[in-house]
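Before anything else, here is the set of structures, which you'll find just below.
Here chain A shows up in two complexes: once beside chain B, once beside chain C.
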Partner chain A sequence: MPQHIEAQYQEILNEYVKKQTEQNLYVGQNFSRQLILENISPEEVISMHKAAIGELYSDLPDVVWHSFDFLIEMMINYGLALQERQSLLKRQEELKVEMDLAANVQETLLKTKLPSLDGLDIGLLSIPAKKMNGDYIYFVSDYDGYAGVAVADVIGKGLPAALCMSMIKFGMDSLNSSHALPKDVLGVINRIVEKSVDDSMFVSMFYANYDAGAARLTYGSAGHEPAILYRAGSGEFSELEAKGLLLGVSPAAVYEEHSVILEKGDMVIMMTDGVTEGRTEEGFIERDVIYKLIEQKKTEPAQAIVQHVYDELERMQNAELQDDFTLVVYKKG
Partner chain B sequence: MNIQVNLTENDNKLKGDIHGEIDAHTAPVLREKLEAYQAKEGLNAELDLSGVDYMDSTGLGVFVAFYKSINAKGGHLKLTGLSSRLKRLFDITGLGDIMDIEAAVGKGGN
Partner chain C sequence: MSDQSSVEILTEWDIVAARQLGRNVAKELGFGTVDQARITTAISELARNIYLYAGQGRIEIQQLAENGMKGILIIAADSGPGIPDVRKVMEDGFTTSGGLGAGLPGVKRLMDDFKIETIQGEGTDIRATKWLR
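Right after this comes the complex of A and B.
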């Protein structure tokens, strides 16, 4: 125990004993924070107290001194608990650094490149609610007029979900073709996920393949939120439904696929449930709200549309999105 | 952050009802309670979800895990009292086709 601390304590204590003012108490409170910073244990504080009282009032009865000795013994375990807490805090700090590193690795590993196709304008926004994103977007493009897109949501969070995503990515890479059909892609990934992950982790995934030459979008869904189709001609919205079980539940699952031909100005809006499951104080954000937001910006580039939807939904939820948010817009130019 | 899970088992029949919200915060509570029964052979479980106001995909994960484990042991899981919102969640995910679920009467389950 540094001597200056002991001297300071004695002085502060003496002031308080003489006059029990708020001010004197406040000085003591501040001093206790300094003691914590200096790693002074509770039992040391009591020893210090005993020594200070001894100097100030040497004629106190023995019973007082014995009681301090007893109190010091009582406090030793508190001191140990404090030490443990400090080492946990340090460990937590280290884990945080590791998580940051892992999040960076995930970002690099899962990077995807927006395809560039004639007559197709793509907007994309994916914002994680926490450090690790449980949503996953992957584009497959061979520069031959086809572009595949996978929008996936891993149910289960954190590190295991991130590892699961890498598995999806490598599954997609193994198919290695932008021509691959949704039912085949979903079937392959389903078998990979079913074999490899534990019982409480599943993936929902929407897969679409766009053929720019024919302006045809072929899509399939594995238990994913239906994509939205906007028809510029009629100004109407509809859901692109496709039956299919979540990935990883049953190896026997089979997946449907359907096609739509896109006309000029038509849009396909793909998303995760972080977009549709938003809640405000009044209740859930209904799909109509999302339709309205898209309509407000329908003449703008795809990226401006996704940004607008995000900004508005975030505003409605007081800037507190509970879930990862991913939105992709394919707009036929 | 509130959930209430009441489970009673009698003669390998598990009856239960769940109230509140099932999301990332509360799902671990539900999972822990259900896990106590999932190793039983031929368990017949029926859970009433009519008191569930909200469920997200984490909650869905808990039921699927429970469904998978008791199915693997020759048991059966039935979920009843699903609100239209919950029913939609099961339908979208394709789980409505493989799991035994029943919409709440008068809650617009169709």
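Right after this comes the complex of A and C.
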């Protein structure tokens, strides 16, 4: 124990023993912070206290000195708990740095390029609830008038989900065709996930392929949240559903596919359950709420629409995102 | 040179005897109250581990004198089942006693030097030293 600390402690203690003011207690508390910073353990503080009192009042009865020794014995485990806590905090800090690095790698690895297609306006927003995003978006486009998009949600979050996603990405890369049909894409990815991922991990995925020439959107779903279709002409909303098991459940799963023709101003809104399963004080967010938010901005660009939906839903949930949030809008210009 | 004495650990009361032996030696060597408390806590923890997991064993206390320094060496030896995953028991936040014991990482912190040798099915030998400053 450094001598200047002992001397300082004795002085502060002496002030307080002479005069029990709040000011003196305040000084003492500030001093205790310095002790913690210098890694001085509780048992050492008591030992220091005993020594200080011994110098100030040497004629106290033995029972007082014995009681201090007893208190020192009592404090040893508290001192150990403090040291353990500090070492765990350090470990936590290291893990945080590692997670940040992993999140960066994930971001780079899973980067996807928004297709640029005449007559199609695309909006995209994907916000992770924690560091690692469990939602995954993959665009396929090769300048021939097709724009494919996969919206996937790995059930389970964080690191394991991120690792699983890399696999989906490489599966999609291997297909490498914007013409690929949803039922085939889902079938291939299903077999990859089924083979490579342990039984506790499932992936839901919506795959849509837009053919700009025919203005036709063909889609399929593997147990994923239905997409929303907005018809500009009638102002009506409906759901785009397609039957299919979650990816990774059975290698024999088959996937349906359907098509719709988009008219000017029509929109297809694809999302993950982080959008619909957000909770407000009144309960789950209803689809009607999302319809209303889309309607409010229906004449604006697709990116402004997704941003608006996110901002409003975030506001309703007091800025506490429960789940990864992903929204993709295809709007026919 | 070294002086040695030991306590057989068979019952919970033997933990107290091991502490007493350690405290006497620590006091004799000139350790202050705080260090005496640390040394006896380490002995407690090691003796308790023997009592709980090995059933029986021995705590040995030696006085050390090396390069003009004096110190105390605690040896905890048993012929119990051994520790299957030493790395795990040396991790913070992992205590097999289920309670809030100091655990082996605690013993390591309380002392200056800590060595553990364990063989499954043969037993465990732990040596912890504290030097007088």
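Throughout what follows, the second predicted complex is superposed on the first by the 333 of 333 C-alpha atoms of A that agree within 3 Å, B and C clash if a C-alpha of one lies under 4 Å from a C-alpha of the other, contacts with A are read in each partner's own complex, and residues count from 1 in each chain.
In this text, contacts are C-beta pairs under 8 Å (C-beta built on N, C-alpha and C of every residue); 3 or more make two chains touch, one makes a residue touch a chain.
Everything quoted here is computed from the prediction, not taken from an experiment.
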Chain B versus chain C as contact partner of A:155, first or second or both or neither: first
Which superposed partner A:84 touches (first chain B, second chain C, both, neither): second
Which of chain B and chain C A:245 touches, first, second, both or neither: first
First, second, both or neither for A:76, with chain B first and chain C second: second
First (chain B), second (chain C), both or neither touched by A:253: first
Which of chain B and chain C A:44 touches, first, second, both or neither: second
Which of chain B and chain C A:29 touches, first, second, both or neither: neither
Chain A: partner with more touched residues, chain B or chain C: B
Residues of chain A touching chain C in the complex: 43-44, 47, 50, 69, 72-73, 76-77, 80-81, 83-84, 87-88, 91
Contacting residues of chain A [partner chain B, same complex]: 153, 155-157, 199-202, 204, 222-226, 243-246, 249-250, 253, 273, 277, 279, 284, 322-323
Complex interface listing, chain B residues touching chain A: 23-24, 31, 54, 56-58, 60-62, 64-65, 68-69, 85, 92-95, 97-98
Chain C - residues contacting chain A, complex: 32-34, 37-38, 40-41, 92-93, 100, 102, 105-106, 109-110
